């Protein structure tokens, strides 16, 4: 069973690497923040996974929880920043609005 | 095991040196002050990486006693050392570097905070956070 | 044994969903859509992975382990609380600043010089 | 209570700092008395400790009651006992001096200033007390953080100087930390004495890691003390800082760091390793020669009074490093004696400069016309400090240079002797240039300018600074003479410490 | 009254966190819970007029709602996964902004609605202005899933009494 | 220690560090620095340094990022290098 | 500057790589650092001597408690320093620019509600982390940062003033001072009772427990002090940095 978790972890890491790719290319800051936020969630999962591999989940849950809670603060601050300031450069986004009562 | 020895045995030390040099280079050569501070943080974390790497033991666990050991000796008599012998040093990572690095992280945050405050003050005084621009402003007598 | 299989299944599902989310994040054309894909990893993938961990934890049923499971579900709850909120906050920021005049007319660096 | 002196020395300013931060904003007037009382207690305790150490030899104070390699300990030998007295004295004098200066220069940050000031003193005391390599890092950081803030509190240029100091200081401290890590990975201990024992017993002298550790620690410490090629941050930081800040930083920061270097070399690595095994002393002494010459020449090029002093500090650091690395007893005595005397000389110079700048608002040397007439007592202090810097006999500067030169001759290092004499000559030129402007130039031109200066245009024009500024200056000036006159006592104490290091059996 | 409720809730959470039942840790728990209650109990239960029983009922219905929501999330996930993984999926990505006027009265119900919408992948609440929700949907199908079912269920939880 | 994770994380770390320093948009740089920080957190968890990882999690996610963002907010976002 | 940097970097890097050749392999349980008596003693004897299963906490707050005292002081210093650096004359233009704030607060219902739900839980969790530093990872510093994070969250999701209403800047600095005072006060009590500074075992007379448990309690007290300082200073730093020391507006 341990190997399964190890493999899962490695797979998750590789996928996280792909998310990192979005962080690299992501044209706007928001793209990066989204990807970082996603990585943050994934970190929480990986922390618990590491805990399972160490057979001491009870110790690792604590700071996985911390991560889940505090990662939020960081991305919220970034969102707040974007809300408060002019954008660096506008991105073109095609959005159609539909009204619906 | 051979892979472990070959690839892993020094990798941490190599990477820490590279990271540290990246940070150092950024600290010396970046023009933007906030970039310098980010470089400083990377520099400090690289040192922490070094310290933590040296506390690792191959088959070791986290440096918190297992419940059963702690629990067992809770019930044992104070004079009875029989239970405590169960603790084996190889089973636990070396806790001392961890302790030192807690302090180092704290120092890093504190320095980062003070540095950022200074950057804000510089921006207040000079209107820019790019080093060449600031120096130009000082030279032109504005500062 | 059943527990193991369930655990394995959930892990697989979680990884596959996460894979889909990653592909979505990479493929979708604009950040609004990418954010939808990121939402997947926030919800389903995390939930299934964490449930798998919780199930694995239930192998030896003891009081501390149950509490660990409780904590894992706390994490699930928090992630499903914070995830949408930060998604919303980011979307809001992106939307707000595109369609309406920014809240602060001035860039903050202009006022002190 | 007698065996608690080391703790009391440290804790008095520490608790005063907390008290200032707690009550200071409530009543600003409380800050200064608390600071002075605490520093007074600390000074008394450190003098008592010095007496104790002189009588009994090395004292070890175990923090938390844990024995040597497991806990942290204070180790007090005659050297750092003397340094403690110096630190507390300088701090006390500066605190008295800051009564006026702090009000003028940092008006709405009164409690913060004193909190940081006292914490800085705490950090410096801790640096000189501790016997644990990692603990030293923490205290270096306490001292550095406070000094960053103290420097940045004041003017526009000071902020930028402070930022450079942050970058350089962090590099220095991190190198030090890394060096300690390298030591730890090979020895497994953090206690200074313990490390030396392990190095000696397990034959680690040949290890590359230990060598690099030594280099890292030295570079780190050199950055912190502004040894010549690494001095970039110092001149701006010290000269643009508020005057009371530079009065405490300039004398103490470099000196305590020099002491840290001495401690690292002698207590952690041991003289055999540093001088015999590595045998780099020649290189380092030549670097010191370079530092002395470069510092002096750069000082010559300055027009700003405080900046000139800052470059003189760079040169003085060269004296001390060179003296220590000459690797014989006489030069070491000279170097440490210079640590003590230079602390007071620098203090005296910066006090005088601070008094002049606060009173006249002028920083440039060429604007100091007629100061002898306007503020004679200030100038008396200034002249004594200048003479001591140059090395005129009754003052302490002469004796330190005497020992240093003797040591250099003993070691056969003539370059150092020449550099020392050259630097003295430059100092003479520098100070006589100031005297010339201040004594012979006509004040009428200056008074005309005074009316354009709103801060100094009081009804009575420019006169003596207030007593709280003048008294520390004169006390320091007389201290310079006293240290010079009682040089033998200090030398005996240093000799006692040196013998405990096992330095004597080790002449080349 | 309500602060006692908050205290009890926090203490239960503490027990889950702590998992130690000796008197020492329980005392610490009581202390901590009362500290947090003192410090920030005003953040919970803004509407303090609702009775306790009603709250319990809400809790029960909310739990039932959660299961339904989970099912919806699963469906929505599959939809977005299809968009992401199928080659033709990208064609279906038609970002749309929908304006929904909600009947929900209380802030909290609106909050639950908005968060539920965001939680189901494919739809994200952009903004709430009083009773109008701006929802961004990734595709037409995702937009079509906002058929008011969710709102009805939420109204059933929180505002049964008012109707 | 789990050396498989170790290698992967160290690789990512290098990428993240270089990226954080190359990015000219400081907000993005800060976010990438956030990635760097939680990679560090994972690394420490994997090396059994739980307390260090905990501190890094708290500091990296809660404090450093927010401090950096608030400084960028009060200064400016574009960097010249 | 770039070439200088490159030269410095290359020299240092080469030096460090040169030295690392001599290191014991990564993860080697027989490395000198792990074999020496200090590490061995910490692992084997900590529980016996302090009755704390988490070695890191025990070493942090007891064996090397003096370090931690100054670690706390570093944080405290940083807070004071930032206030000292950023505080200037009050700028009157601030009010005008941020007139739209109230509206912002209302428009962000989702943020506000989530924070309402989360903040008390985060705070409780922070207290849990502080109190359980003995048995699981965590302790004063981590708990303090989390608590500070909760206040920062409050400030971000509502506005700075909301958080400042709970803990004003003055109060924060006061609490930070109290935290350091708790820590050093415990040490001082030890000193006054006749032990050395920070020797908690001497507290056993005062607490009516055996010396080993006294150490454990001493560690807890110390952690609480650290937490006070860290929490309030983290918040104070945020408040200052985000509003440029003016305590108005902000992120």
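Think of it as A, B, C, D, E, F and G in the order they're written, each chain with its own count starting at 1.
Going forward, a residue touches a chain if its C-beta (ideal position, glycine included) is under 8 Å from a C-beta of that chain, and two chains touch if they have at least 3 such contacts.
Keep in mind that what you see is a predicted model, and the values were worked out from it rather than measured.
Visitor: Could you pull out the chain whose C-alpha mean position is farthest off from that of chain A?
Guide: Centre of mass proxy via C-alpha means gives D as farthest from chain A.
Visitor: Which chain has its C-alpha centroid farthest away from the centroid of chain F?
Guide: When every chain centre is compared against chain F, the largest gap points to D.
Visitor: Take the average of all CA coordinates in chain E, do the same for chain G, and state the distance between these two points in whole angstrom.
Guide: Computed value for the inter-centroid distance: 33 Å.
Visitor: How far is the middle of chain B from the middle of chain G, if each middle is the mean of its Cα atoms, in Å?
Guide: 15
Visitor: Could you tell me the distance, in whole angstrom, between the mean C-alpha positions of chain C and chain D?
Guide: 54
Visitor: If you average the CA atoms of chain D and of chain F, how far apart do the two points sit, in angstrom?
Guide: Distance between chain centres, rounded to whole Å: 37 Å.
Visitor: For chain A, which residues are shared contacts with two or more other chains?
Guide: Each of 26, 33, 54, 58-59, 62-63, 65-66, 69-73, 76-78, 80-85, 93-95 in chain A touches at least two other chains.
Visitor: Would you mind listing the residues of chain C that make contact with two or more other chains?
Guide: Chain C, residues with two or more chain partners: 21, 23, 30, 32, 35, 64, 67, 71, 74, 78, 81-85, 87-89, 92, 96, 103-104, 107-109.
Visitor: Can you pull out the residues of chain B that are in contact with at least two other chains?
Guide: In chain B, 8, 11-12, 18, 20, 24, 53-58, 60-64, 67, 96-100, 102-103, 106-107, 109-111, 113-114, 116-121, 123-124 touch at least two other chains.
Visitor: Hey, which residues of chain G end up touching chain E in the complex?
Guide: For chain G paired with chain E, touching residues are 107, 109-110, 113-117, 119-121, 123-125, 127-128, 131-132, 135, 166.
Visitor: Would you mind writing out the residues of chain G in touch with chain B in their complex?
Guide: Residue list for chain G touching chain B: 1-2, 4-6, 8-10, 12-13, 16-17, 20, 23-29, 31, 33-34, 38-40, 42-44, 46-48, 53-56, 59-60, 64, 67-68, 71, 74-75, 77-78, 81-82, 85-86, 88, 135-137, 141, 210, 212, 237, 240-241, 244-245.
Visitor: Okay, in this complex, where on chain G does chain D touch?
Guide: Within the complex, chain G touches chain D at residues 15-16, 18-24, 31-39, 41-42, 62-67, 70-71, 73-74, 76-78, 80-85, 87, 89, 170, 173-174, 176-178, 180-181, 184, 188, 191, 195-202.
Visitor: Residue numbers of chain C touching chain E in their complex, please.
Guide: By the definition above, chain C touches chain E via 17, 20-21, 23-24, 27-30, 32-33, 35-37, 39-40, 43-44, 63-64, 67, 70-71, 74, 80-81, 83-85, 87-88, 91-92, 95-96.
Visitor: Where on chain F is chain A touching in the complex?
Guide: For this pair, the touching residues of chain F are 2, 4-5, 8-9, 12, 15-16, 19, 25, 27-28, 30-32, 34-35, 38, 41-42, 45-46, 48, 50, 53-54, 57-58, 61-62, 65-66, 69-70, 72-73, 77-78.
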